[in-house]
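What follows is chain A paired twice: with chain B in the first complex and chain C in the second.
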Partner chain A sequence: MFYIHSISSISHQLSFQSDGFSEKLFVLDDTSSLEVPDFKDILPPTALRRLSPILKISLTTALECRNKKEFDAIVVGTALGCLQDTEKFLNTIRTSTSETLSPTAFIQSTHNTIGGQISLFLKNHAYNMTHTQNALSFEIALIDAITLLKEGNNNVLVGAADEKIELLEKLRNSIIRSKYPLTSLATFFNLKNDQIENGIVIKDVTVNLNSTIQLGDFIDSFLEKNGIQFNEILKVYHSDCEFINGENTMNYLPYTGLNYSASALATHMAYDELSHNGKGLILIVNNICNNDFGLTLIEKC
Partner chain B sequence: MQIFITGYGVISSIGLNSVENFQSLKEMKTGIDNTSDPIFGNYKVGRINYSNEELSSKFNLKTFGSRTAILGMIAAKEAFEGHVLNSDIRTGLISGTSVGGMDLTEKVFAELIENGVVSNAFNHHASGMSSLEIAKELGLENTFINTISTACSSAANAIMQGARLIQNNVLDRVIVGGTDSLTQFTFSGFRSLMIFDEEWCKPFDANRNGLNLGEGAGYIVLESEKSLEISKKEPIAKLTGWNSSSDAYHQTASSPEGYGAVLSMEGALKMAKLAPNQIDYINAHGTSTPNNDLSESVAFKKVFIDNVPVFSSTKSYTGHTLAASGGIEAVFAINSILNGVVYPNLNFTTEIIETKLTPQLKFEEGHEIQNVLSNSFGFGGNNSTIIISSLK
Partner chain C sequence: MSELKETLKAQIIEQLNLENLTVADIKDDQPLFGDELGLDSIDALEFIVLLEQNYGLKISNPSEGKDIFHSVNTLAAFIEKNKN
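Let's look at the complex of A and B:
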C-alpha cells in the first residue's frame, strides 16, 4: 500500500489549494484557461521571468507536496515535455540569421527541465527521473515511484505535466483528433510507505501497450490480480470509453480536457472525492490513446 | 539478484556496428569531421554519413521512423540478434532519447507556421514514438515499452530502469540504451550555449574549448537468471552497479566540486559492493567542455583520491551523442572487458592545472578488466553512473 501524503494540481479546474474541488467540476470549452495562483507569492522573480507555464505549474504543485524531509526521489511523467520553449527555439532558429542565439529556450526545452527545476529549487540531490511514453507517461512514472518505495525509499515525489500551446490547435482534426478542448495541467503528489489512518492509497497501477489485448479483458485481469470484483468499485473514471457507462462512472475528459497527463489530474479528482466520501475504491481507466491503456486503482482504507 | 548482459549493438560515426566501432577505437580513428551540410557550417560533427533511406535499405528496415528511431532500430537489432521472442520471457524495451522525432519536425515546422500545412511527420515527434517504432521493427510491439528523457544521461538511466524492472519482477529481459540523431535544433542549441570547439575536441586537456556534437545509438540486452534458463543465452558480462543523483547546482552547468558526480559514482560503487580500487577503467562523461571536464576530474579525485583508475573519454571519437552516449559507451565498456583493452582519449596533450590528471593516451591490450565504471551527466544536473563487470 502506497499512501498519498499530499497532492496538488494546477489545471483548468479550480484544483489548486481547493479541497473539495471534485464536487465543483465544470465542463471545459475552448475558452477555458489555466486557473493559476499568483505565482509572485510562490516563485522567486528569476523563475517568474524565465520559466514557461509548464515549469511554473509543475514547480508550484511540486512545492505544495514538500514535507520536512528531503525527497528520496523525484519522478516526472510528461508526454510532450516543454512545448512552449521547444516551439520558441524552433522559431528562433527558423528566423534568426545571427551567429548569437539566446540559449534560454533551448536550455528549458528538454523534458527533464521539469524534474531538474524541482531538484534545483529544493536543492535535492536524489534520484531524478523523467518518463515520456505518450499518454502513459504518468502511469509509467507512477510504476517507477512504487518500485522506488518497494526498494526501500520512503519519500517520493511523483507527478505528471503537459502543456497546451497555440500551435497544437493547428494540428487539430488532422494529427490531433478530439472533441475535447486542449488543456495544460500539472499534478504532483507525495507518495510514501508510511501509513495514514483512513488514508488514501495507490493500490496498484499498470499499463498495456499490447495491441492484441482488449480493454475489457485488461481491466478484468487487473481487478482479478488485486482480488476485486467489478461491483466492489465505488466509481470508475474513464477517458471516453464506449462500454463504461452507468451511474457510478465518469468520463473525466470533459473536465480535464485533452491532455496526455489527464489521468494524473483524474487521480487528484479521485483522491478529493474519496477524502470527502467515506471508504471505497476508484478505478481510473486511461484509454486516451488507441491501444495504450493505463489503469490506476485508488482506495480509501 | 544478478543482472546479466547477453547482447549489445551500436551505431555511431566510427562504425555501423560494434565490430566497426571497436576497430576504429583500436586504430585511433575519430568519426568527427567537417561536413558539406550547411546546417553545421564550419563546425565538426560526428555524423553517420548515410541518409535515412540509405540506412533503411542497408539494414533492411521495415518500419518508417525519424532518424532517431532508425539509428535506434539498427543498434537495437544488433543487440537483439540471436535472441528469440518467447511468451515465457517477459521482454521489454526502454530507450533514452532527448530529441525524439525532432529531425522530422524541424523540416516541416516552417511550412506549418507559414502556410498552415500539416505534415504527417508530426506523428513522429513525441519521444515515446521513437521507442514504439524501434519496438515495432524488433517485433516487440506487445510488451512493456518506455522512454526516458533526461537529456545526456537518458541511455544510462534507461539501462538502470531496465535493471530495476527485472529486479522487481516486472520484466525478465529488457533491451536498454538510447538513441539521438543530429538535428539543427540541438546543433543550434549547443551553439547558443557557446560550448563548441571549432577544432577536434580535447577531453580533459587544459586547453579544451568545448565539445563536438555527434549522433548514434547503443543498446544492451539485460536478462535475469530465470530468463537465461529459458533463452539459453550465454551471458557476456553483468550490470553490477547503478545510481542516479542530482547535482542541484545549475540547469546546464556542473558544480565546481562535482557534487552530483561524486554521489552517482559512490552510489554505484556501493551498490556493486566494490572498493574504488577495484575499478579497472572509467569511461568518462568527458564532453570536453571547460566546465564538465574540470568538475568530473575533481569528482574523480574525491572518489578515487590518489589512485584514479585508467580513464578516457571516447567522445573524442564519436562526438557527444547526447541521450545515446550512455548506451554507446556501455557497449564500449563491454568490449573493454571482453577484449582486455582500454581506449585512448584522443587529442590530449596538457593536464588540467587544478587536478593534474592524464587520461589513457593509447589503445592498449593485455589489461585484465574486471569492472568498468561509465558516467553520463545531463542537463538539469542529472548525474548517472553504471558499472559493468566481467563474469569472473
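Let's look at the complex of A and C:
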C-alpha cells in the first residue's frame, strides 16, 4: 500500500489549493482556460520570466507536495513534453539566419526539463526520471514510483503534465480527433510507504500496451489479481469508455479535457472524492489511446 | 552612442523576457549580472545570440564575455569598437 501524503493539481478546473474541488467540477469547453495561481507569490523572478506555462504549473504543483525531507526520487510522466518551447526552438532553427540560436528554448524543449527544473529548484540530486508513453505516461511513472518504494525508498514525488499549444488545435480535426477540448494540466503527489490513519493509497496500477485483449477482460483480470469483485468498487472513472456506464461511473474527459496526462488529474479527483465521501475503492480506467490501457486503483483505508 | 544604449536596453528586455522592466529601469553603468537584475549564465548565452543576430558580432574569446557583458556601457562600447 502506497500512501498519498500530499497532492496538487493545476488544470482548467479550480483544482489548485482547493479541497473539495471534485464536488464543483464543471464541463469544459473550447473557451476554458488554465486556472492558475499568482505565480509571483510562488516562483522566483528568473523562473517567472524564463519558464513556459507547463514548467510553471509543474514546478508549482511539485512545490506544494514538498515535505521536510528531501525526495528520494522525482518521477515525471509526460506524453508530449514542453511543447511550447519545442515549437519555439524548431521555428528558430527554421527561420534563423545566424549561426547561434537562443539557448533558453533549446534547454527547455526536452521532455525531462520538467523533472530537471523541479530538481534544480529543490537542489535535489536524487533519482530523476521522465517517462513518455503517450497517454500512459502517468501510469508508467506511477509504476516506477511504486517500484522505488518497494525497493526501500520512502519519499517519492510523482506526477504528470502535458500542455496545449495552438498547433495542437490546428491538428485537432486531422491527427487528433476528439469532441473534448484540448487542455493543459499538471498533477503531482508525494507517495510514501508511511501509513496515515484513514489515509488514501494507490492500491495498484497496471498498463497494457498495444493490447490484444479486450479492455473488459483486462479490468476483470486486474480486479481478480487484487482480490476485488467489480461490485465492491465505489466508483469507476473512465475516459469515455462505451461499455462502462451506470450510476457509479464517471467519464472524466468532459472535466479534464483531452490531455494525455488526464488520468493524473482524475487520480486527484478520486483522491478528493474519497477524502470527503467515506471509505472505498475508485478504479480509474485510462483508454485515451485506443489499444493502450491503464488501470489505477485508489482506496481510502 | 546614447541611441545605441537605449536600443540595447530594449533588446535586452525582449531577449531575456524582462517584462517587468522598462528601458528607463536599466542604468547605463548598472552591473547586468548579480543581484539587481538577477541575470545568470543562460542569460550570458542569450547576450551572445543578441550580439550576433542584431549586430553581426561574435565573441571570439569567451573569457572576454565577462567584461563585455558587464553593463550597457561596456556592451555599447564593444559594439561601437567592432562595428563595420
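What we mean here is this: the second predicted complex is superposed on the first by the 300 of 301 C-alpha atoms of A that agree within 3 Å, B and C clash if a C-alpha of one lies under 4 Å from a C-alpha of the other, contacts with A are read in each partner's own complex, and residues count from 1 in each chain.
FYI, contacts are C-beta pairs under 8 Å (C-beta built on N, C-alpha and C of every residue); 3 or more make two chains touch, one makes a residue touch a chain.
This one's a predicted model, so the numbers in the text were calculated from it and none came from an experiment.
Partners chain B and chain C fit side by side in the overlay (superposition on chain A). Within the superposed three-chain model, A:45 lies in touch with chain C and out of touch with chain B [touch as defined at top]. Judged by the touch definition given at the top, the superposed model places A:131 against chain B, while chain C stays out of reach.
In the superposition on chain A, contact of A:1 is made with neither chain B nor chain C. Contacts of A:196 after superposition on the shared chain: neither chain B nor chain C is touched.
Once chain A of one complex is fitted onto chain A of the other, the partner contacts of A:27 are absent, as it touches neither chain B nor chain C.
Of the two partner chains, neither chain B nor chain C is touched by A:14. Set against each other, chain B and chain C differ in how many residues of chain A they touch, and the higher count belongs to B.
Legend: residue contacts after superposition of the two complexes on their common chain; A:101 is shown touching both chain B and chain C.
Look at A:140: by the touch rule set out above, it reaches chain B but stays clear of chain C. With chain A fitted onto itself, chain B and chain C come no nearer than 7 Å, counting C-alpha atoms only. In the superposition on chain A, chain A positions 100-103, 107 are in contact with chain B in one complex as well as with chain C in the other.
The touching residues of chain C, when paired with chain A in their complex, are 15-20, 38, 40, 42, 45-46, 48-49, 52-53. Interface residues of chain A, counted against chain C in their complex, comprise 44-46, 49-50, 96, 98-104, 107. Listed in rising order, the residues of chain A touching chain B in the complex are 74, 79-81, 89-94, 100-103, 106-113, 115-117, 119-120, 122-134, 136-137, 140, 143-144, 147, 150-151, 167, 170-171, 174-175, 207, 209-213.
The part of chain B that touches chain A in the complex is made up of residues 98, 105-106, 109-110, 112-113, 116, 118, 120, 122-123, 125-129, 131-132, 141-151, 157, 161, 164-165, 168, 170, 184-185, 188-189, 191-193, 244-252, 259-260, 263, 378-382.
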